[in-house]
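Got some structures for you, see below.
Look for chain A in each of the two complexes below; its partner is chain B in the first and chain C in the second.
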Partner chain A sequence: MEERLEDWSKDFYERWKPIAMGFVNEAEKCLGCGKCTGQCPAAAVTPTYNPRKIIRDLNMGNIKRVVSSIELWQCFFCGGCYAACPMDINFPFFIFMLRLAAMSEGFGWEDVKRMEGYAEEEYLPKGITVTTRERNPYILENRPEIKEIRTRAGLEPKRKVTPRALAEINMISDLSGMTAFMKKIGGVPVYDCSRCDAEIERKCKEKVRPKKVGRIRTHDRYYNYGLPGGGGD
Partner chain B sequence: MKAQAVRKGLVEKIPVPERMFFFRSCVASNKYPGIETGAVDALKILGVEMVETDDQTCCGGFVTFANVAAPTASMPAVARNLSLAEERDLDVCVVCNGCWTFLNEFAHFMNGNQEVKKAINMMLGMMGRSFKGTSGVYHVAELFYRLKDCLTEKVAGSRPLKGLRVATHYGCHYLNSGKYTAIDDPFYPTFIEELVEIMGGTNVWYEANRECCGTGFSQVINNKEVSYDHTEMKLDSLQAVDPDFTVVICPYCFTQLDRMQQQLHYRRGKEYDLPVVHISQLVGLALGVPTKRLAFDAHMGGRAKLGQVLKHFD
Partner chain C sequence: MRNHYDHSFGGRDSQQVGDQILRYFEELFSLEMPLGKMMKMMPGMVKFALRGPDCRRDLLRFAPQMGPMIAQAMGIRGKDKEAGG
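After this line comes the complex of A and B, so read on.
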């Protein structure tokens, strides 16, 4: 996207650091060695994703470029950059907190919306994030039901979570503002392949980017760090 | 490899109690139950009894790193789960890299930040719980390594994995995020290889050994193509050496490497036959836990080969 002078902020990093709750440590220590980028699995498949450049932009105050980029959402969260970093910069936490900053500027909500279903439909009502539900028809046809597998292995047919535990995590969610946040994003369509029809197939293939997520307007994001296939700058 | 002395120090710090709190993993319980039964049974044979409770919920790492929950929302949930172990005065044993790093990292943060801890305890106080930060969180793979003398003793006569070629995959969240706390080096780990050797197996090296499985956390949901590219590279490299088992220590890597074989066959016409097992299943097999108990019928990838290999054990 086009860069403008007023998008730069000299003191963003300083202002944002305390808000990021002490999770992020000192990006200003960055030596620019690029070890993070060299070993990065996300950079291997998305050549424009470059942790070193993101840290540089953060330090220099070129914030709009970071938060409006598609690259910010390409991180794999593998932590290899932290392991490789000679200055112990915990970059995954930077990505995590920068994504929150991007969201507050109105970017990336469509990605978060897709994940919200896991919290709303699974984590809060059942206490378990990854449930027994299978959406892949191959698995449904070729594997016994999980309760059968569990019974044969000598376990209870279904893993239980007590009502008290459920009440407690829901209370935590209410008190900490997570429930209110999820209401803001709104419900999420999760496509079930076993019930696929022409309409769902179209949506699945076209991947329409929503303009609004719940009550929030989302902005388009751009490849701000070069051409998607590699090259350019 | 971490300097031998450093590694020895870290391993010796891991306690060997008689009882431990078993932290269930959502992927293990609901997709591959053999991981949990394997861990419980194998550790029992090695002399550690597992205590479980239905009061435990998911660690919450998934919703947090998907940016649905702010850390302020998930930290009390972590504290709540850990308080269950503290009530019983036990250390925690986890089977998943994600649970390990999330519980460890957030417990460390709360312990080092008294204000946050106080605020969280205020919230937990409303439900009659409290977080003290006294329980340690240990990965089942590092426990097996800690108990390797006992393991050596048990398998010395039989060497049950003899003749099997085993490839390893460590996953990211144990070694990378645990740069200073994990027992091995993030870039040249060897402790699973050592365990395989103890059990009599042959380690095979493949080029993409240290690569991520390709789940990429939320990328498998939001940017599928990126995830497929990465996993394809990983699986191609594995298929080239054609191991009998690919051993992982994380249920989420397990899901990716196991199920993507079919997905990549369907989408890109690839042919793979790679049985994937979790370290607790492998140790379970070696210690003579019945295959029925290890739930191999939940495995989707490499079924042809898995059938042949399991004949050795029945």
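After this line comes the complex of A and C, so read on.
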């Protein structure tokens, strides 16, 4: 890997901290112990995803490597790294903020675009953040004990969002500009897993990257932290 | 990797990319509320208010906070503020 040290922005993190309103804090305390990576379920499936290395690059100002990486988009915010960190570094916040930074530089829009379908079909009309069709469409049919546990807890067998909560979700989305923004970038169709065939599977896995989002020209991302199958940093 | 960088960042170094990102965050976290941004919020608030009386009551509870923001966005300043600067 060819990289030049003088190319890095050494004071980036220190300058970012006061602007980021407390979302990025204490990365400088990182011991490099790797507990975050050791317990990370995303790192278990994508060996090149390594929170420790991302913190190191942020501290050292290797910004280009972080924001243009595919690895930045592997986290699914389980929060295990935060729980495991001996220095209490809230790494999921870092990921959140770094993704915004990446988006401002034109990276990751193919993933953001995919979210539009969920927002339009599941989140805004039903208030459901995890789509019941794709993640585990048959959960209630295959795991009847979930129904039973929910009923015993005094809940509906299937999760229901109250009209009031739905109104709040929609207002927050409107006020934050998410609704308008999602319409602007457009989405990709959300497919029904119960009717999946080879063609739908192909379309489902295809990631469409918009060429431009507003004034931002988008770019491809790369495995900047090693080979996808593991090894080769 | 260098080829990727050159292609994606157009020859800018991390310092320049970092500066650009910081400018983006300064704008994103700015507490200033331009009129255009305020106007975009209005349909959301109206939709919420139309949902029912309890929604309207909740919205009105935020009126003291929203008032000065709307005034600032529209360029209306109080006499004391004008006198102060």
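Just so we're on the same page, the second predicted complex is superposed on the first by the 148 of 233 C-alpha atoms of A that agree within 3 Å, B and C clash if a C-alpha of one lies under 4 Å from a C-alpha of the other, contacts with A are read in each partner's own complex, and residues count from 1 in each chain.
Note that in this section contacts are C-beta pairs under 8 Å (C-beta built on N, C-alpha and C of every residue); 3 or more make two chains touch, one makes a residue touch a chain.
Note that the structure is predicted; figures quoted are calculated from it, not measured.
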Contacts of A:I146 with chain B and chain C, given as first, second, both or neither: first
First (chain B), second (chain C), both or neither touched by A:F76: first
A:M21 touches, of chain B and chain C: first, second, both or neither? both
Chain A residues touched by each partner, larger count belonging to chain B or chain C: B
First (chain B), second (chain C), both or neither touched by A:G154: first
First, second, both or neither for A:I128, with chain B first and chain C second: first
First, second, both or neither for A:P51, with chain B first and chain C second: neither
Contacts of A:M171 with chain B and chain C, given as first, second, both or neither: both
Partner chain(s) touched by A:A101 [first = chain B, second = chain C, both, neither]: second
Shared chain A contacts, counted only where both chain B and chain C touch the same residue: 21, 100, 164, 168, 171, 173, 175, 177
Parts of chain A lying in touch with chain B, wherever the complex brings them together: 21-23, 41-42, 44-46, 73-80, 82-84, 88, 92, 96, 99-100, 103, 111-112, 114-116, 118-119, 123, 127-132, 136, 138-139, 142-144, 146, 149-150, 152-155, 159-162, 164-166, 168-169, 171-173, 175-178, 181-182, 185
Residues of chain A that touch chain C when the two form their complex: 1-3, 6-9, 12, 15-16, 19-21, 61-65, 67-68, 97, 100-101, 104-107, 163-164, 167-168, 170-171, 173-175, 177, 179-180, 219-220, 222, 224
Parts of chain B lying in touch with chain A, wherever the complex brings them together: 24, 26-27, 29-31, 33-34, 36-37, 54-58, 60, 62-63, 65-73, 76-77, 80, 101, 109, 113, 123, 126-127, 129, 172-173, 175-177, 179, 186-187, 211-212, 214-219, 221-223, 226, 229-230, 233, 259, 262-263, 266, 292-295, 297-298, 300
For the chain C and chain A complex, residues of the former touching the latter: 1-2, 4-5, 7-9, 13-15, 17-22, 24-26, 28-29, 37, 40-41, 43-45, 47-48, 51, 54-55
